[in-house]
Amino acid sequence: MSLTVRSGAELIGTALLVAIVVGSGIMAEQLTQDSGVALLLNQLATILGLGTLIVVLMPISGAHFNPVVTLAFLVRGEISIRETVVFVLSQLLGGLAGTGLAHIMFGAELVELSTNNRLSLGTGVAEVVATAGLVATIVLLVSRSRESIIPLAVPAWIGTAYLFTSSTSFANPAVTVARMFTDSFSGISPPAALGFIGAQFIGLAVSLALIHPVTQTLKEPTHVR
Amino acid sequence: MSLTVRSGAELIGTALLVAIVVGSGIMAEQLTQDSGVALLLNQLATILGLGTLIVVLMPISGAHFNPVVTLAFLVRGEISIRETVVFVLSQLLGGLAGTGLAHIMFGAELVELSTNNRLSLGTGVAEVVATAGLVATIVLLVSRSRESIIPLAVPAWIGTAYLFTSSTSFANPAVTVARMFTDSFSGISPPAALGFIGAQFIGLAVSLALIHPVTQTLKEPTHVR
Amino acid sequence: MSLTVRSGAELIGTALLVAIVVGSGIMAEQLTQDSGVALLLNQLATILGLGTLIVVLMPISGAHFNPVVTLAFLVRGEISIRETVVFVLSQLLGGLAGTGLAHIMFGAELVELSTNNRLSLGTGVAEVVATAGLVATIVLLVSRSRESIIPLAVPAWIGTAYLFTSSTSFANPAVTVARMFTDSFSGISPPAALGFIGAQFIGLAVSLALIHPVTQTLKEPTHVR
Amino acid sequence: MSLTVRSGAELIGTALLVAIVVGSGIMAEQLTQDSGVALLLNQLATILGLGTLIVVLMPISGAHFNPVVTLAFLVRGEISIRETVVFVLSQLLGGLAGTGLAHIMFGAELVELSTNNRLSLGTGVAEVVATAGLVATIVLLVSRSRESIIPLAVPAWIGTAYLFTSSTSFANPAVTVARMFTDSFSGISPPAALGFIGAQFIGLAVSLALIHPVTQTLKEPTHVR
């Protein structure tokens, strides 16, 4: 597939992912006053949508939808710097389009600024954990050629991280940027977004360090032969 | 399989799909006053039922249960115009039977008219998005001979679209017609139904246009050889 | 496997299935006052448990846990009358043990009589629909040697039927008998149980008649060769 | 893989499992006043997380995360006593780290003591049932070389046991010890923990005895050849 088609898939995939996160957050806010039920609706929508997007778009672009994931593949030498730049820009642009699409569907202003300051030491640690788990899940499965299980495993990880981390697991810089522009259930204020993105990059580094003993072992037989 | 058996499967499948959507909506209304919980029950029933119907009936009729899906296969040249007409009529008839079956199970009048006007610019856009995503999911997976994942991927898409689109994702003209005849949780007033069906056809066109670059690439090797 | 081991698996499987249905019903009643949330907990417990029991015990006994399913296999000529009798007795005995086990876990009397009269024309029709769908799902998948999908498809059907039928889908005479002996969320009064069991046998007959054109077609090639 | 890498996987896996159980319990307590919704959030987080951890770490350490499971493999002669000791210590240490991690994420004290006395005759029986079912599921599937289904079957069992047993199914001595040190939704007082752990070992013995006729049959062909 050409880089145009592939980055188009990243743009559309990230746009739909953000529309799902933001849209289901607005829907939940409108329907229930129980925040536990609201988070559940938000989480279920996200993991079902993420699973569909991965299964449909993985054969086209790899279904990253996430600059941290794209960077992990760059570090592993599986994509070039040029592809990385185009992918990350597509993801950022797609994310913004996704917030707009959700707002159009629910009759809100196209762009708002969130005032939800989610940042604390605890949520920073939570973003490190959520992102490290996401990267480890993807890289360890890809290393063993188990790509076919990724459409189940990645949503399962995001689904648990939504509920057990105090940050509700953003774990994605493009989605974090897009969520600055909605003043609804899933929004995040710009200063908090900066902190979250920093923690996500730390999570990427922690993950690659932690799984290095395993990925190293998996590479060796190839080198020897 | 004969066209009679195949269209019988479409009729029964669409009837059960509508009985599931309408019946679980009535059940939810009776059991909870939290609309978030109600939508969750309605959504869960739909995706579990849709998955079962697809896995059981796909080997018989293809498990369309949806005129938009049948039209997509007509456009792709995989079924004839005659088959298309018979399928769509079976789906419409099945849908009406499904509403009646749900009403019998819950002791309601056999036929009611919904007064729920769901139509707005936002819900129209939502139906375009929901339908486009459904058609793209099916066509892209079929193009790669990944039919075996459809019983999971299609319910996953419908499940997320239930929760992130402002229309709660009808995405199916036969089901939309059938839902005009119930004045319960899942009903839709006839004028709104017309608007929804229009949006669903736009979604079909948008989807086929968007995925054309990919389906074209997938076809080429066959042409060359 | 010997008939003793196989019927032991049917007894333990049905006991656990009933303990799951009754136990999660008691748990739900204790935890929430929202009947929608209660039914959701009861349904989720049932489908997760049923899936596990089928995947673990299918290689031993076929994982019927249900006289109606055993009868369907008798009609298809896949088990003998003697096996059928032993299986059904094991299922009935197991079901009663399951109610007792749930009551022990939750500190209730070992045996109670339910006063919940669930029977009406609507719930009778619902039991026909739920049972017919269950039998059709199993027989159509077995006819195509798709046993491996049964641990997902059967719980999915039961899961949707829990939420869209007005009877919440008993669809199992052994489980219906066992649920007469608990005066909790999942109980059913003895007269209603009789009506439900009658409807379940009608559902079995309806199902075998409806799928006959398909199962007949699937058998033919074998006869010809 | 070296024992260091394998026990590292057990430590990290058990730490994340406990962080998931404890963290989602704190999240649920903060978000909802409906205990049914809270248990649902706690259960969903646990089964999605457990599934991910098993699928990612099973190729490295076997993904036990549970001294009772490790002991079952020792009894079956599949690991040595030395490996068993190192694994159990890693699980206990990991569990404690997991409680600490959850507390850091939610801004609680690093270590608390639970005052939640969960022990009764009923919950003791519940732990026997939950643990026996867990061990039987794992051993019966491993005996038939069906390891690939374990990432679905084990979370499904734990998911149902969360909802149908009066103890909400701890079924794991390392996790039980770790949950003594949190005074939140998922905590357990030290005396009750002792009782639960005793019941878990009884469950292990009951399970191995019950499935012996089956595992014995499965072994025989190997002996004969």
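We call the chains A, B, C and D, going by the order they appear; numbering starts again at 1 in every chain.
The rule is short, and it goes like this: contacts are C-beta pairs under 8 Å (C-beta built on N, C-alpha and C of every residue); 3 or more make two chains touch, one makes a residue touch a chain.
Given the structure is predicted, the values throughout are model-derived calculations rather than measurements.
Chains making contact with chain A as well as with chain D: none in this assembly.
Note: Cα superposition of chain A onto chain B, rotation of 90 degrees, nearest 5.
A straight line joining the Cα centres of chain C and chain D is 29 Å long. Taking each chain's centre as the mean of its C-alpha atoms, chain B lies 40 Å from chain D.
Within chain B, contacts with two or more other chains are made by residues 34, 37-38, 40. The touch graph of the protein chains shown is a ring with every node of degree two.
Shown are all chain pairs that touch, namely A-B, A-D, B-C, C-D.
The touching residues of chain B, counted against chain C in their complex, run 1, 5, 8, 12, 16, 19-21, 23-24, 27-28, 31-34, 37-38, 40-41, 44-46, 48-49, 51-52, 55-56, 59-60, 101-102, 104-107. Within the complex formed with chain A, the chain B residues making contact are 34-40, 43, 47, 120-123, 125-126, 129, 133, 136-137, 140-141, 144, 146, 149, 152-153, 156-157, 159-160, 162-167, 210, 213-214, 217.
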